[in-house]
Amino acid sequence: MTRVTVWNEYHVEQEHADAREVYPEGIHTAIADGLDEHGFETQTATLDEPEHGLTEDVLDDTDVLTWWGHDKHDAVADEVVERVHERVLDGMGLLVLHSGHFSKIFKRLMGTSCDLKWREEGELERLWVVEPGHPIAAGLPESFEVPEAEMYGERFDVPAPETLVFNSWFEGGETFRSGCCYRRGSGRLFYFRPGHETYPIYRQSEIRRVLANAVEWAAPVDGPKPNYGNWNS
Amino acid sequence: MTRVTVWNEYHVEQEHADAREVYPEGIHTAIADGLDEHGFETQTATLDEPEHGLTEDVLDDTDVLTWWGHDKHDAVADEVVERVHERVLDGMGLLVLHSGHFSKIFKRLMGTSCDLKWREEGELERLWVVEPGHPIAAGLPESFEVPEAEMYGERFDVPAPETLVFNSWFEGGETFRSGCCYRRGSGRLFYFRPGHETYPIYRQSEIRRVLANAVEWAAPVDGPKPNYGNWNS
Amino acid sequence: MTRVTVWNEYHVEQEHADAREVYPEGIHTAIADGLDEHGFETQTATLDEPEHGLTEDVLDDTDVLTWWGHDKHDAVADEVVERVHERVLDGMGLLVLHSGHFSKIFKRLMGTSCDLKWREEGELERLWVVEPGHPIAAGLPESFEVPEAEMYGERFDVPAPETLVFNSWFEGGETFRSGCCYRRGSGRLFYFRPGHETYPIYRQSEIRRVLANAVEWAAPVDGPKPNYGNWNS
Amino acid sequence: MTRVTVWNEYHVEQEHADAREVYPEGIHTAIADGLDEHGFETQTATLDEPEHGLTEDVLDDTDVLTWWGHDKHDAVADEVVERVHERVLDGMGLLVLHSGHFSKIFKRLMGTSCDLKWREEGELERLWVVEPGHPIAAGLPESFEVPEAEMYGERFDVPAPETLVFNSWFEGGETFRSGCCYRRGSGRLFYFRPGHETYPIYRQSEIRRVLANAVEWAAPVDGPKPNYGNWNS
């Protein structure tokens, strides 16, 4: 039974009426509900909790962590970032969502600026599956739409994904590598683009399916723990 | 329940005493026994059966096919190769084992010569796990040995693996990319190096574990079936 | 001095008025002119020449081969395909252009169906550079447009490119991995999407720049010629 | 004309007799001599210089930076690391050598621990070229030996290289991915394993050839400078 901790900054939904209206109980609650539907055991954690809710105890009970942040990335303590980083290298899965591209933990794991273009006009996004045999594409149609989306456009300044699962098309003329798989240490990492706070994207069934598939895919594997340092075989 | 068909040329074990001694019931039986132990549903098929045992009916009941061949690669009918090829593109998993590197189906899927160096001196091979978080490495130590192996050495003329799971070290001075993951169409393919006919490699527990992990990893995913051709969205 | 052979089927421009009007001297001539401008030494070869113009002598004088074909792919002799295939594995560069995705040589090197969606409505294509530091992106803006294009849409059934340089956006709602780098044997291969016979795409400066960059990138490297077979180090 | 800055910690050669004997003028001098031989314009910089010799002015004149450090990684100022990091993302090439695997800049770009096994017994290393068509393999034999080497063994905790050029074999039973290519931002990065301070590795002709090839490969490309942020196309 894969255990998921859903992390959220949880500020914009409390501070802005348009986000509060869409996610009155916070984006984390909508994400956790979607994962519950798919049979995962979930808990949530948010920025304002002590240690941002990501204590060693909580992480001990976490197989996969999902991360949504918006404009308080700098408020996340470096100590907690390092703690999460170590867990990922030890095998914990990580899903980085939408504006989480600028989170400290994502930049820490990517080694790049993670910058991109954006435009907030509620335009149509169509996601195309480019790897139909990938576990994260299970149960999906070959393309699906997000009717109103914040646009993210290339160049997305990340290392080339080890596997690219989705490519997005935007009404206004941009494309984006929207579903990017990485391995860091023994852990797996999936970046998934959709998820703006003023659209009900995390209630959409295809989006929930992607998140559930990605959690399953990113769950830890019982592989060898490597030895490091001075070595006499 | 993942269903595996274990394919074997099944000539060398009947024709050569040293192979017969190690695999009196054929290599396919030893491989199937190992997969049975790990809970898979297995059947076998061999070169001399009609259609090499790989009829449409058999393939309808196959989630993952394993392929062992030695020096009768040319005796495999092109029609059967094309049939297997289509199945892989449609999502069937494929494990290509040891001297199967020169099989028609592997060369067909790789697009290269698949050539390599070899030496048959029963030397020590040590396999190092280079991706400890990969599902195919589950339950393994960080390295393990095959006490007597036929050496395969680089340059291995294949496209760079999408993921490299094992790197082999040989007593005589060579290395080899021994566990190579690929995706072709909707199917997944794993090449695994060890497995010579005169050593009991397919009875070794680590080898059996790798094969079981690889079968699990290569099993088909219920992803979208892409549309091709003239398209009006 | 990199020597390029520009291969063309050269039927559609002779048989159809709309293609003849755009490329009265054939697509090969337009491609070769563009490469001449960029300082390469070029020659051309076409389907109807003996051995399709790709004799051993011609290939001896070829560092990089470009391939444009449309609907006579089956008319290319297997023997010539095998000859070109061997040259690629030995280090010759190969550029496969537009409808060349269905050529025998491309399918031979990819190992997949190479299928895709298409639509011929003269719609707008915008190509985004996703790897601005790649040599094939030198001298380009971060995006550029083909005003009238035949659409190609995902799923493009090829192995995931080792490097993806361009992502295309189409007016009608599709995306496509338009610039795909591969290595096969000692040779390098670049697939480039734009190039329909009824639009003057091969006269467009950005397209000519891409082709010139790609030729430079795919030129042979004086690397080691691997030994294969029975080996005693 | 590619301009190279060769950076060295330059402590161990001053503090330890065995290193001083091999590199009386410092490892940087030996590396720079090798690059001079191959026609590059070189300058050197070391830890104890102001700003470690890596001022904005020096970096303005640097196309490719090479990095050798040993046990003073923590003495490198974070500000200089960030400066180098930005330059790499903007297109400067970076060669990270041997014990530089634990440098701040390499860890910053990889996002992982960069840990490994090591053993200092002067054992034989044999490097195998696994990608004979890669520019970094130009002019090399298919394998070459370092007669006395410090062993580095897998698991090497880095993201899987985008291209693996060399695989090392060690007398004592280990393998290592010794030549690893990455792209970060618009910059290219090559990690090359050999290079211990008590062996004359940087005077060996094959090693010098690899470094020269890698400098050439990593040199900046005149690609587009992406726009980021709020975007209206």
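For reference, chains read A, B, C and D in written order, and residue numbers begin at 1 within each chain.
Heads up, the rule we're going with is that a contact is a pair of C-beta atoms (placed from the backbone, for glycine too) under 8 Å apart; a residue touches a chain by one contact, two chains touch by 3 or more.
In this text the structure is predicted, and so the values were computed from the model without any measurement.
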Selected interface, A-D versus A-C, where C-beta contact pairs are more numerous: A-D
Euclidean distance of C-alpha centroids - chain A vs chain D, Å: 33
Centre-of-Cα separation between chain C and chain A, whole angstrom: 37
Two or more partner chains touched - positions in chain A: 129, 131-132, 142, 153-155, 160, 162-163, 173-174, 183, 185, 226-227
Chain-level touch network, classified as line, ring, star, complete or other: complete
Chain C contact footprint on chain B (complex, rising order): 89, 108-113, 115-119, 151, 153-155, 157, 159-160, 162, 172-174, 182-185, 226-233
Residue ranges of chain A touching chain C (in the complex, touch as defined): 126, 128-132, 142, 153-156, 160, 163-164, 167-170, 173-175, 177
In the complex with chain B, residue positions of chain A that touch it: 91, 129, 131-135, 137-142, 162-163, 183, 185-188, 220-227
